[in-house]
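Letters A, B and C mark the chains in the order given here, with residues in each chain numbered from 1 onward.
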Amino acid sequence: MKNFAYVRANSVEDAISRTTNDRQAMFIAGGTNLVDRLKVFLDEPSQLVDVSRLEMKQIERTNEGGLKIGALVTNTDLANHIEVRRNYPLLSRAILAGASQQIRNMATVGGNLMQRTRCPYYYDTAFPCNKRQLNTGCPAATGINRIHAILGASESCVAVNPSDMSVAMAALDATVEVQGMQGKREIPLIDFHRLPGNTPDRDTNLEPGELITAVILPPLSFAKSGVYLKLRDRASYAFALVSVATALEVAGEQIKNARVALGGVAHKPWRAMEAEEFLIGKAANNKSNFEQAAEIALKDAKTLAHNGFKVELSKRAIRRALTVSAQGGGIV
Amino acid sequence: MNQVIGKSVNRKDGRAKVTGQATYGAEHQIPNLVHGYLVTATIANGSIRNIDTQQAAATPGVIAVFTHKNPPKIFKPTNNWMTSKIYEARLPLSDNKIHYAGQIVGLVVADTFERARDAAHQIKIEYETHSPQINAQKANYQQATSIFGEDMEYLAGEFETGDISVSGAATVEAIYTTETEIHSPMEPHALVAHWDNNDSVTIYEPTQWVKGSQRTYAELCGVPQEQVRIVSPYIGGAFGCKAFPWSHGVLCVAAAREIKRPLKVVVSRRQMTANTGHRSQTEQTIRLAANKDGKLRAIKHIAKSCTSPVEVFPEPCTGITPVIYATPNMHLKQEIAVLNVGTPTFMRAPGENPGMFALESAMDELAWELNIDPVELRLRNETKEHQRTKLPFSAKHFAECLKIGAEKFGWSDRQMQPRSQQQGELLVGWGMAAAAFPALRNRAEAKIRLLPDGIAHVLTSANDVGTGAYTVIAMTAAETLGLPVENIRVELGDSIMPNGGMAGGSQMTATLTPAVLTACQKVLETAKAQNAKEAFANLRESGLTAYEATASSAPGEEGKKFAFNSWGAHFCEVTVDEEIARLRVTRWVSVINIGRVLNSKTAASQIRGGVIMGIGQALMEECHFDPNIGYPVVYDLATYHFPAHADIPRIEVSFVGEPDLNFNPMGARGCGEIGITGVAAAVTNAVYHATGKRIRSLPITPDKLL
Amino acid sequence: MIKLKINGQFKTLDVEPRVTLLDALRENLGLTGSKKGCDHGQCGACTVLIDGQRAYSCLTLAVMQEDKEITTIEDLAKGDDLHPVQTAFLKNDGFQCGYCTPGQICASLALLDEVKNGSVSYVTADLNNPPTLASLSETEIKERMSGNLCRCSAYNGIVAAVQQAAGQTPPSPAASIEHSQAG
């Protein structure tokens, strides 16, 4: 860890101006990912601007009937919030599937959106890595790539986004509110993270100096049918091999609306819109519809030497999650 | 002998551990301490062309930088086991050659940990890189050389051609593989070296073998043994990887002498994946041939493992094979290949663990082939004698382990048909396997000191790596002296104390408690007393400050009459959610025979620990090396998975409990390793029962269940 | 200079901003009860309580914790009297080597409070109906403790210790012994 200056921001504006004026400065809030990265020299900031004491810790009902979640709300508080548990259970479940209680107590919503991949080649400076330094190569593509991306990857990067929370938020049509020197703007969550393309160094569409201030969840009546299913190598406290967030609106036996998002498969939380569209109007009690939706969701999958299993595992996870959502949701 | 022995007693070291007062290697507070951070190679094969330390040396707080260009003085040790032993024969910084990624190539010393780490990162190295040999499948195997003089190839019966020429009613031939596993003790490798002038040193380091470590460091430093003191009262887990000095320890002690400051070196988790040992991956071919009644006609067991370019360590998978089942024809062979990886070493049940995964899987396959219950198949093939030494086993009771285990588990309800048991959407499978591990014993010494305040001290250099040694030593003294356990004080892990032997090979209890027993008897003789109460009365009357006695105990001729081994049987249930490839171990029964159980609480924990490490091996543990660069792509405890709470069911443990008095006066054999043997096979056997899928390559990660 | 409130006492420290809370405790304050197992938030051995909530002290900077109440393992026993959770770990053999133990105990302590406050976990079947101390299942305890690894694998004992501290009656930690051990 390089040494750095440490400063506590006294307002959002103060925080933004500090990082705008010093491009080597970084925000820190919970620090659960950033401190880890600093230790292994993945980031070498000139100064850390501590935003953790700013007021962005509220969860408020929006005029539309959704929720506005302050960027500094901890993962624990969000997962346990009574309205989230009741109306967006897949978000609670997704957050609770991630990390451990200790990390969730410290980690914030904004920080969770900003966490970076756990690709081992990115994580150790002994390896070259395009994400760390452009044009140095991607040894993962020809190395051990069991945990790597099957959707949306590029020649320059095959890493996956590690967040569980973001997958549920992608399914829930969330919007990220950010603030920079030019004021506030909103970015749909599914456009917040980027595919790697030839700029894998950039994980998100945040501009330099911009700070996440909130995440907004629109009302979604059928989110109660939400399911978050996470499949991994260890029963708990492990990143997803594959995860899936689903929700279904069913009238009679007919699907009126659907949400399917995948985690652990791409450089960003992966919303399977085509699969969702396919499901609309189909019978909810016919499992073959879910099988077809899963096929559609994975039809563009491209595999590497060791991650081929993720395609089949994703399909099965989608099938199972949709089946449970069709029954009203719950735990898998 | 059952006032205290055999009871369930809380750990003597428990209070220190639950209050945070137990002090581990790198935690000893030494004034003027400075910090070292290792620099490690990022290539797996080649040499250093240039190493630039200028920038690092100029970093604030940096005190010294050591590389192969200016290594601290290290003396070449005999490294022959008897007088000294280091894990890796090549001494650190001895030249510019790189044999594996993660090899130590430098040490930076600074006034704080953060500054040392930062400076280490600033060292720039240019390498001459050669393509590394990483692929075990393409490696060049040769017959392994032995570690302790045992033959690496064994033939009995009709094996003149080197192959099985007999045939039976059924044969099973299959290849079983296990992946590279990392010990991953919770306490990382770490030490503090504190020199007094230039001629004597105190080393605070977790070590399973205090006296061995003392002798080895003395040779490495070129000083007499008495001038090295090892302090190791608490060890945060070891499992085989803290028995001898590793290169980082050698370097730390040598560097501390040169900088004339107490020096601490802690190996990072990343570094630990590469340079402080692992269990080699293995590939084992087993062929079994049996009569219709299940009687084995032949066993062939060929095992391959890999070692590093700088040390030879074969994973001795075939050692246990002639112990378990009787057969007239047997062919065992160990092969080894060199890869550009770090040095493999002893890891909990080295050899027995992967060996029994293969053998006990093959036995299950044979049971299905013959349609014989797997418990029954094992009973029919029991051997009364060790088939290589021809000595009869002492206090065996393997059949009892099988029968009691089957009873406790409810095995008789098992359907002899795959996919026959369901629980809602889940497939349920039951599996079993045998457990076996040799009973080892060595010489050890202990001192007893009775003090006028009514406390008996036991002092020995032996140590407690979490096994419960503090407690069984106290219980042995309490039993012999007729005192409550509370009145015994045990001091361990210091080389100034009598030689307590090594915590390895499951031998500490069997080795040390007889010495404690003898020393207690001797101190009572010294005090001219029948028991401690009389002794304390005599002591107070005598006006002496203490009664003291030191005694040693060692094996005698019994090894020429008997084969000593421990036995057990594991029974487990798994559930498989087939659609989403989710496997859980849901129930476990282990019945073990280790002779007399000294503490039914800590012994149970030892077995549970072994079983759970075995479940980890079965379900998730694997370290992969990048095929091109050679560095492990597992780099910490998030990427090297071992079981978390959520993976583990309640493990029901029973012991047979018949003392083995042929073995030692306590009748006790060790229990540190037997728990892990057979576990992975029990799991894969249960998975077969649940799904009809035979998994021969560990671990059973979700991809293997699709 | 930074000022930390640790176990009820203010401590002034001269450390760089890059020093983690864990290293400040262990290297600067001599409080080595909090353990460094992985230094990356992957093992739980460094768990402390910050304002009553469990946290990994290796993943936060000391300077960020000014004005917070930090409680470490050293503050749980009062003189000779162990905290009930510590007693439960002893009785149920919830440890072997002891290195993960301070973290396991701090995590258990926090877990009990979390349950009292109605928190949910990934395995809570009905998120609107969190378990109570009395109804807290083994599965719930195991999920909630999974951020604390134990390589000796004293997991059964740790779960039993939590059960005991929650007012439940755990199974005996001891093995059954089939034969009389006389002889």
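Brief remarks follow.
We adopt the following convention: a residue touches a chain if its C-beta (ideal position, glycine included) is under 8 Å from a C-beta of that chain, and two chains touch if they have at least 3 such contacts.
Small disclaimer: the values here were computed from a predicted structure and weren't measured.
In this assembly, A is the chain whose CA centroid lies farthest from the centroid of subunit B. Across the two interfaces under comparison, B-C and A-B, the one joined by more C-beta contacts turns out to be B-C. Taking each chain's centre as the mean of its C-alpha atoms, subunit B lies 27 Å from subunit C. The distance from the centre of subunit A to the centre of subunit B, with each centre set as the mean of the Cα atoms, comes to 40 Å.
Within subunit B, contacts with two or more other chains are made by residues 114, 638, 643-646. In subunit A, the residues touching two or more other chains are 1-3, 39, 235-237.
Counting partners per residue, subunit C has 16, 18, 39-40, 123, 142-143, 146-149 as the residues that reach two or more other chains.
Every residue of subunit A that touches subunit B in the complex is listed here, in rising order: 1-3, 39-41, 118, 120-121, 123-127, 139, 142-144, 146, 229, 231-239, 241, 309, 312-313, 316-317, 319-320, 332. Of all the residues in subunit C, the ones that touch subunit A in their complex are 16-18, 20, 39-41, 44, 47, 50, 53-56, 58-61, 63-64, 107, 110-111, 114, 118-128, 142-144, 146-149. Interface residues of subunit C facing subunit B in the complex, by the touch rule stated above, are 16, 18-19, 23, 26-27, 30-40, 42-43, 45, 72-74, 76-77, 82, 86, 89-91, 93, 95-102, 105, 123, 138-139, 141-143, 145-159, 171-183. The residues of subunit A lying in touch with subunit C in their complex are 1-6, 28, 30-32, 35-36, 38-39, 48, 50, 52, 76, 79-80, 85-86, 89, 92-93, 96-97, 99-103, 105-106, 235-237, 330-331.
Put simply, subunit B touches subunit C in their complex at residues 1-2, 5-6, 8, 10-11, 13-24, 27, 29, 112-114, 183-188, 234-239, 266, 268-269, 400, 404, 465-468, 591, 596-597, 600-609, 611-613, 636-638, 642-646, 648, 650-651, 653-659, 661, 667.
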